[in-house]
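Shared chain: subunit A. Partners: subunit B in the first complex, subunit C in the second.
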Partner chain A sequence: MAETYHLPQASLDPLFSVILASGRRILAPTDRDGRSELNPVTSPAQVAKDYVQTALSAKGTVFPKVEKLLSYATEPGKVELTDPVPNALPTVLFGIRPCEAAGFQALDAVFNWDYRDKFFNARLEQLAVIGVSCTRKDDACFCTSVGGGPGAVKGSDILLTPMEGGYLAEVLTEKGQALVALAPDLFNPGNGVDKAKLVVDVPAAFDQPALTAKLPALFDAGLWADQALRCVGCGACAFVCPTCVCFDIQEEADPRAGRRLRIWDSCGYHMFTLHASGHNPRDTQGQRWRQRVYHKFSYYPERYGMLGCVGCGKCTRACPVDMNLREHLVEASQAQVKP
Partner chain B sequence: MSDQNIYLPYLMRIAKITEEAPNVRTFRLEFVDETAAQSFDFHTGQFGLYSAFGEGESTFCIASSPTRKGYIECTFREVGRVTGALADKEVGDIVGFRGPYGNIFPIEQWKGKNLLFIAGGIALPPLRSVIWNCLDLRDWFKDITIVYGARTVADLVYKHELKEWEQRDDVNLVCTVDPGGETPDWTGKVGFVPPVVEKLAPSPDNTIALVCGPPIMIKLTLPVLAKLGFTPESIFTTLENRMKCGLGKCGRCNTGKTFVCKDGPVYTLDQLNHLPAEY
Partner chain C sequence: MELREKAKQLLESGAVKAVLGFEAGTHGRRRPLFARSAEAAGRLVWDQGCEQNLASYVTRKEVKRLGRMAVAARPATLRALLQLMAERQIKEEDVLPLALDDAGQVTELASAQAIEERLALEPQQIPAKDRELMDRLKAMSRQERFAFWQGELSRCIKCYACRSSCPMCYCGHCTMDCNRPQWVPVPSHALGNQEYHTVRAMHLAGRCVQCGDCGRACPVDIPIHLLTFTAEESVHAQFGQGAGASAKLDYALSTFRPDDKESFIR
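What follows is the complex of A and B.
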């Protein structure tokens, strides 16, 4: 259904204006002391210019760090529950990278594969994504090794690819069409531009299908423990990840009233799997690191038919001990499977 | 239609509290909402998340049988914040319950078979649900044997029911306590569960074995069953990984490609042999 247009640079200002006037907010990467992060913006001038990636992912727009699942008031012999309505604001995410846009599908898989999660769904329904293709990369990027690419369209409602005088605009979904319909005159007819020539070249670093096929046999290999030797178990990788979905449920209460909260969590934490008995199924950091890799590259494909990694490299940039997911996966790809 | 809030628990009134063993209690819970009471249904093997409002949720099996309508029961040991808060509750107090979650013991497939239950300590509750379910459908099954062990006589749970099972002539109950755990009036066996099973030597022919207990008991009992000729497909257990959601989302109980909360908690030994040993 993709329709291709040319969006002149001068159209961006009025496009932001009509989006805002339609009652949607716009979240875009902004520059704060050299670190780009998602913030509400009102004009393209506020959008960061030379970012490769935002530090945090955009998943918080559909899966906030803290979500109130319910609240209650108690008195002796009585409890009154309140079912909260998620505060899902109509939102346009502008300028996230194709890798991140692809991440929403991995979140959707978990939140709706069986029981449907109303909090996630309410926010996703209100979200439209205007992705912007990559003209820059850094050492952490590996989208092309995991089925993505610097100009990949999956997850975007509109994908903009920078070109001379503006953008190549691919309108990919009904949500994208609805945005174009706000001001169709801003979009000019497309002119057969070769997108591949506009985006940065990201060579594939490893053969992912071969790695996924090999992982079961590598389960007891020593490399996971070796790779995790320097892991401090801080969980930063999970918090910045666009697809990491594991969460905790915690209570915040006084004796008369309280609320139950869903909070981001990480499989890298010792407490994550610790039983009440003291037994811990994943007792070492090596086992927890292996779980992170296997969840994304073995269990996700088997369970949902997709990867739990989009190759954005945010984990690598955030890691305080320089673990590099791409390099670790390359190492696993080259490891010998013991017969 | 918009989605329901899957994290919202049923409100349950504590109808009865039974002290089972030191720090171990059974709650009988009745639905506050009559409509929920009518529509609620579960199968043996399933579990739920029980809330102490103000502290949070804990995961326990449903320890009662689905043949006993109008209530559910849970048995728990006071070990942490939530179970501590639950232990402070009294009859008439309100707690939360989400469930039933997870898969089931396929008892319909066991018609005409012998059943061998092997449980240790606080792990009898999940099997107690199956035991009563099967006893309430006694005609379906041939011999029913229960081997139950605990560290001491005081640690045996469901003492009144053990007596009842002992007196029934259609149940073969073998109770044992660890050496040193016996009292002067103890008439059961003294010894660990694995050697007791070995000596009892139940026949594997046409028999389903259900094993539930602390990891060390399971680890040492499985080779005994294998030696007796039980196949991995005929041995069932139930896992109790740490969980937060029970809905296949929060990631805690993820073991290999499975979620214990969705694909389990009931597994055959054959299925466990194909999972990473992260449980």
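What follows is the complex of A and C.
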């Protein structure tokens, strides 16, 4: 059961100070040069005021775009292997939206599926999330269609909901309690406000369980190729996505030394499933687009009992050709299944 | 004639299988529409928001399968189509460019010569905002300029939206994706980002039609088009020919002429 407090606006400054003094860095949305992105900040004044979402997701804090998995050096008759220690800095993520906070669970499902990934886990252990509920939305948002909401608590250690004079603060986990314990006096007793009235209304766009149930029968439908005709096959959607977890392993080596790196990959790339034989089971962009939708809405539920999408809409905003995921899912929901 | 009417006519007469233009998207954006029926042609729109260079689609295999296509074209689109002809990626008869003026009136450009004549009427101009930043960069010392691009490229995530959106990046197998041998580091670390963007700028020097789509496509707003714009201007200044000026243009950087001003090659 969450503990509920009131965090006055004036408490944010000292809260940031005690967090930094405890040795944690704070990452928050900033809008330098009009670009909304996560950056280290030292005071609430540096945090963007007017953002729906950052362009990139916060997944880079636990699954960076480049992660060194091992390095090695060779001498005649000898190979020296080095196991890198993940550079996991104690971090507080401040101001990410509830949808993004929920995204960590989808990453966790893969990185702790059978093998426990030490890099992901080291970073996740060092991470605390202070989410901020949404009082604004745009037409890419569809959190409420995928089990989330503008004030949903999943994934946040503390969730702040803006209200008159400050925030409604829900302390949800031990990590959240540890942050409150740094300066308990900053948090006042809760005053029973109704959170639902403070957040923006996001009406559901489609019936997700019905869509998931229908997808197997829609596999050969023509709509995926039609939808993907304008897709240019870049990786923007996958790379900004808080839940896209596919990676590639790259070896950088010369005869004397080398290292193995894990990097982001995307199922939208034409080489993603290209076989050494030259055969490609996903030879067209339509097949690759279908894979993106099915992985999130069919295979994830089947394999992990959860969705691989949090409805944040980052893919839609990042797409150079306006591949609007919500719109495409609505279209699939309305499509007739041929017997 | 206006675009919707022209598109309907072309589709109904069977002159083309599809009309590639724009429709209203989300966030007030415009997005590509492949109109394959008279009904779909009714969704076509044309205004200042229709910025994307649709020539990037005409070399894609999924799009080629649709058959002969009309393409709603801005000047940069026309330049790209000519450059693709010059590079023998499309034939004159594969595509029917529909040039549109600001009032939305359509002119069919049925031959490369018609495209060239149309372009001669439209002075090629780099947008003021881009010109301003290019001038600022040019005025910097080499160190300052390097620092500027290092800062910008450190934000690159190597999603390849710039490459995928570029009408001249049509290679089926890009050097960036080669691994036997691997020419450029694939990871999006400092070296990988810098090598990728440098190679891409060099590969587009003399071929960039200055549409700016690479920069528009960037999800993290890196003004990456300024690299290829600058490389293109440099080739233009030194060789006297610009990309997309003609369907019969030899590539400046790989063509020898007996009257070359340099003597080392003789």
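By our rule, the second predicted complex is superposed on the first by the 337 of 339 C-alpha atoms of A that agree within 3 Å, B and C clash if a C-alpha of one lies under 4 Å from a C-alpha of the other, contacts with A are read in each partner's own complex, and residues count from 1 in each chain.
Convention: contacts are C-beta pairs under 8 Å (C-beta built on N, C-alpha and C of every residue); 3 or more make two chains touch, one makes a residue touch a chain.
Worth saying up front: this structure is predicted, and the values here are computed from it rather than measured.
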- Message: Which partner chains sit in contact with A:W113 here, subunit B, subunit C, both or neither? Use first/second/both/neither.
- Response: first
- Message: On the A-aligned overlay, A:R303 touches which partner chain: subunit B = first, subunit C = second, or both, or neither?
- Response: first
- Task: Could you look at A:Q285 and tell me whether it touches subunit B, subunit C, both or neither (first, second, both, neither)?
- Result: second
- Mind working out whether A:D248 is in touch with subunit B, subunit C, both or neither, as first, second, both or neither? both
- Task: Considering only touches as defined above, state whether A:G258 meets subunit B (first), subunit C (second), both or neither.
- Result: first
- Task: Name the contact category of A:H295: first (subunit B only), second (subunit C only), both, or neither.
- Result: first
- Query: Who does A:L70 touch here: subunit B (first), subunit C (second), both, or neither?
  - Reply: first
- Note on the structure: Check: subunit A residues flagged as touching subunit B and also subunit C 248, 250
- Message: Show me the residue ranges of subunit A that touch subunit B in the complex, using the header's touch definition.
- Response: 69-70, 72, 74, 76-79, 81, 83-84, 110-111, 113-118, 121-122, 219, 245-251, 253-255, 258, 260, 262, 265, 267, 272-277, 279, 281-282, 287, 291, 295, 298-299, 302-303
- Touching subunit A in the complex, subunit B uses residues 2-9, 11, 53-58, 79-80, 83, 92-94, 96, 214-215, 240-242, 244-245, 247-252, 254-257, 262, 276, 278-279
- Note on the structure: Note: in the complex, subunit A contacts subunit C through residues 33-35, 37, 55-56, 65-66, 138-140, 225, 228-230, 232-236, 238-240, 248, 250, 252, 261, 263-264, 266, 269, 271, 284-286, 316-318, 320-322, 324, 327
- Residue positions on subunit C within touch of subunit A in the complex are 25-27, 29, 31-34, 52, 56-57, 60-63, 155, 157-161, 163-165, 177, 185-189, 213, 216-217, 219-221
